[in-house]
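Have a look at the structure below, then the notes.
Note that the chains are named A, B, C and D in the order they appear, and that numbering of residues resets to 1 at the start of each chain.
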Amino acid sequence: MALTTESLAVGLAGVAARMETAAEELNRLDAQIGDGDLGVTMVRIGRGVNEVLGDLPDDVGMAFMKCVQAITKVSGSSYATLVATALMSAAKVCKGRTEVPLSEMSALLAGAAEAMKARGKAELGDKTVIDAIDAAAKAVVGLDDGRAILAAAGAAVDDVIERMRDRPNRVGRARIWAEKSIGLDDPGMVAFRRMIEGLAG
Amino acid sequence: MKKILNDVYSYVDEMLVGLCAAHPEYYAQVSEGARVIKRPEAPIAGKVGIVTGGGSGHLPIFTGYVGRGLLDATAIGDVFASPSADQMAEAMRAANGGKGVLRLYGNYGGDVMNFDMAGDIVEMEDIPSTTVVLADDVASAKPAEAAKRRGVAGMVYAFKIAGAAADAGKDLAEVTRIAQKTADACRTIGAALTSCTVPQAGKPTFEIGETEMEMGMGIHGEPGVWRGALRKADEIAAEMMDILLADQPLARGERVSPLINSLGATPPEELYILYRYVKARLDDMGVRIVMPLVGRYATSMEMAGVSFTFCKLDDELETYLKAPAECAFWKV
Amino acid sequence: MKKILNDVYSYVDEMLVGLCAAHPEYYAQVSEGARVIKRPEAPIAGKVGIVTGGGSGHLPIFTGYVGRGLLDATAIGDVFASPSADQMAEAMRAANGGKGVLRLYGNYGGDVMNFDMAGDIVEMEDIPSTTVVLADDVASAKPAEAAKRRGVAGMVYAFKIAGAAADAGKDLAEVTRIAQKTADACRTIGAALTSCTVPQAGKPTFEIGETEMEMGMGIHGEPGVWRGALRKADEIAAEMMDILLADQPLARGERVSPLINSLGATPPEELYILYRYVKARLDDMGVRIVMPLVGRYATSMEMAGVSFTFCKLDDELETYLKAPAECAFWKV
Amino acid sequence: MALTTESLAVGLAGVAARMETAAEELNRLDAQIGDGDLGVTMVRIGRGVNEVLGDLPDDVGMAFMKCVQAITKVSGSSYATLVATALMSAAKVCKGRTEVPLSEMSALLAGAAEAMKARGKAELGDKTVIDAIDAAAKAVVGLDDGRAILAAAGAAVDDVIERMRDRPNRVGRARIWAEKSIGLDDPGMVAFRRMIEGLAG
């Protein structure tokens, strides 16, 4: 199976829809250790991307780039910029191709995680969305079936959320509430989990 | 919420419309509703451009300092929220007079990520750019982790001095060096007496008792060093000076520009009471005071409280600090 | 009481020490502890002197406006209390460069009595003097009793315009005429959202509900026109403009300088939201806006609220309004 | 009997002493319809005048003038300026004399009331100290004995305070609380009453 602009558009539409229903939960989680806007941010990202989905170029890399633009336009939230950064890294890898084999998904996710680390000056273990993406990258190594990839990634993210729960947030706004963040789920990791659910439709 | 506004969602846009309407000689919108403000004459051919950006609610920071001998353009977010990378890229385009652009702003996670992203975007358009990030809030991290500190009122000095260097025709590398040198020379400590209210939140950012103050609190209400009973002016000033001097000692014969800044509601009367102490102690130490600033230079809307910034000067920085500059909020 | 101070009884003296220490190029004490501030170069031979005075707690009013093209000297009382006739006489002596002195201040019973008394005192010393009293607060008395109105932010225009006329070499009669013309051309209306606290009182001057505002309230908390729920910015601006225009109509083609003034805590962001409305409506009316002022020009320490002043201009007043002037709080 | 610098000094020392004990009452009365500082003002006046009492010139007019200077130096309160105005008007009448017959007291008081009216732009009936002084002036017409003058003046002032109580204050800070002032004694009139008590020793 392969990633095409068409399948990408379907997947992203699913993500956008899921964000509308997840907004409240994400705002609530973010409010505990941040500024409580993550749900709003995800809705903005979803709607922004939705607007360009009908009009994506066949070049998968260029299609990713168009989504990056849509996102940097609608939000300056950390998470939006990290998502844009991740998609930009995918755009570079996919540029010039109309089909990208799903077997590359692990590498795409790993590349995204690296780009996000550089952007956010964060490390693995800092309890951010990067831990979730890294876990997903590792879980889908060797898989090339869409359903299987989503299932494995979802399970891996659930697991890392669980494992990280009792550790402190070490970067972002939550850093200043590090002690308070122990025992709480990182909102960015949960948002990634909801995105996977959205992709699964 | 005791704020004068029409709608929490239009707070920033209406503010920018009013600002540009009141001072068209200083501020122009790049395009309606874009929340990118530039000097009307920008880009200025042959001059290094300087852009900043960050959340609204800190006037004169950020937009206020767009002007001659200061900044060329700025990207403005919602109150206390980062503008988007897209806006920042737009500000950089508006500021680029062919000699490249310095991004000069405060060290906040979201702002840093977005400005880096914006740098990546305009790089594709062949606009060379550099970054200097202010991290002057000594209360926000230990000296060993100084790079993690937040940027606060030290920005005022960086805008002024880098702006003067760009005005003097220095190239991007040189303006960047001077901006970084200024950033390195600034230390700030704040103390809050009351909270402000973010319009979209609708209630005070934090609770604080009727007779309490918080030393070291950040300009968005980030937790400080201690919270306790409100102290006397001289005690507050003494502790704030102690903290600044411990982080950056000042020896006899050295010079400093002190900024005694109101976070918003604290009136100038009380700033002058504080300055009285600062001046006497610096005189006592044999430190020379250059261009003391007392007033509202970097605020958090209606928050009561003050910050002290010490910008340690040498000949180069002093010359640029005293060079002419002009915006609606400050004329040198 | 959330104020930064050492002692309620030294609030004013310490404030003045800090003010003069921060800006020795603008402000000098006539003698230590006298609470009389003058330009360092005053008296200026051959120039008409202008003095003002009143209670502390209104910076930049009164002392802040001592400077070139503005005032020569000022007498300062305790917070919200009149200085003594003795101080006022001292200010007049400091301002008299041989061409006489204009007393230019706000219409408050105590201030008027003391300035009249001071006039009697210096008359014995052969210093000729005149009086112009600002009575611009339209909410403080009906048009029929306009002379009873209090003086508020309109003073800013009177200081600026009379100061420019004196700077231009006009004689005492002429400076007085121009000051009176300016006073007659100014109308102000204020609205308060929160109280301030007089240090010696130790508690807020008045109580006001969490969601209330008071239209027409005076700068010391004098009762206004109505008290009720906080309204939207445009509604507040509309009512304030209605009140000003009813008292002094502005016809198509006429010109006005509007001052959108914060009483202290209200941040510039919110002033610009209000100015947006004022500008649009004046444009609509075909009234020409000259030198709009938006900021903190006449305050009541940490009071939240705003005032609008409209100064109706003709060629003469416009010229003097735009003439160069310089003090620590305002440069034209 | 006549007014001399010596008897003036004795009388003013008595006033100064009485102000120390009256301060609280006067602050309280002023706080109801003003800024609550009248007691503080009277103490300042008393102490300011006390400082010059040892050093008064024999010329009664000049002695009054010295008191005027002492008062304008220590206070800018309305009441202080009105008292200074009253003493200044007396100074003008007494200038060049070392003895002023007490039979002139009524005229001195009437002159003071006129000067204060001009200074404060107030009328009789506005419920201010001027009403009290005017009443005193009328009550002492033809008297030339110190005790008798003080007794008549005191009674007249008590009477006018009583008569004015249910009328509104029409000038000064109290004007804006006109309605509220009905039923309350004017603090300035009471202060004048306490001064008479001080003179009586």
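Note that in this section a contact is a pair of C-beta atoms (placed from the backbone, for glycine too) under 8 Å apart; a residue touches a chain by one contact, two chains touch by 3 or more.
Keep in mind it's a predicted model, so treat the numbers as computed, not measured.
Visitor: Return the chains shared as contacts by chain A and chain B, ordered by label.
Guide: The shared contacts of chain A and chain B amount to nothing, since no chain touches both.
Visitor: Centroid from C-alpha atoms only, then distance chain B to chain D, rounded to Å. What do you get?
Guide: About 57 Å separates the centre of chain B from that of chain D.
Visitor: Quick one: chain A and chain D, Cα centre-to-centre, how many Å?
Guide: Roughly 83 Å separates the two chain centres.
Visitor: Calculate how many whole Å lie between the centre of chain B and the centre of chain C, each centre taken as the average of the chain's C-alpha atoms.
Guide: Those two chain centres are 29 Å apart.
Visitor: Hey, how would you classify the chain contact layout here, line, ring, star, complete or other?
Guide: Chain contacts: open path, no cycle.
Visitor: Hey, which chains are touching each other here?
Guide: A-B, B-C, C-D
Visitor: In the complex, go through chain C and note every residue touching chain D.
Guide: 77, 80-87, 89, 109-110, 112-114, 116-117, 120-121, 201, 222-223
Visitor: Per the contact definition, I'd like the list of chain D residues that touch chain C in the complex.
Guide: Where chain D meets chain C, its residues are 35-37, 69, 72-78, 80-82, 84-85, 88, 119-121, 171-173, 176.
Visitor: Of all residues in chain B, which touch chain C in the complex?
Guide: 2-7, 11, 14-19, 21-22, 56-57, 59-60, 64, 193-194, 210-211, 230, 232-234, 236, 264-276, 279, 292, 294-296, 299, 301-302, 304, 306, 329, 331
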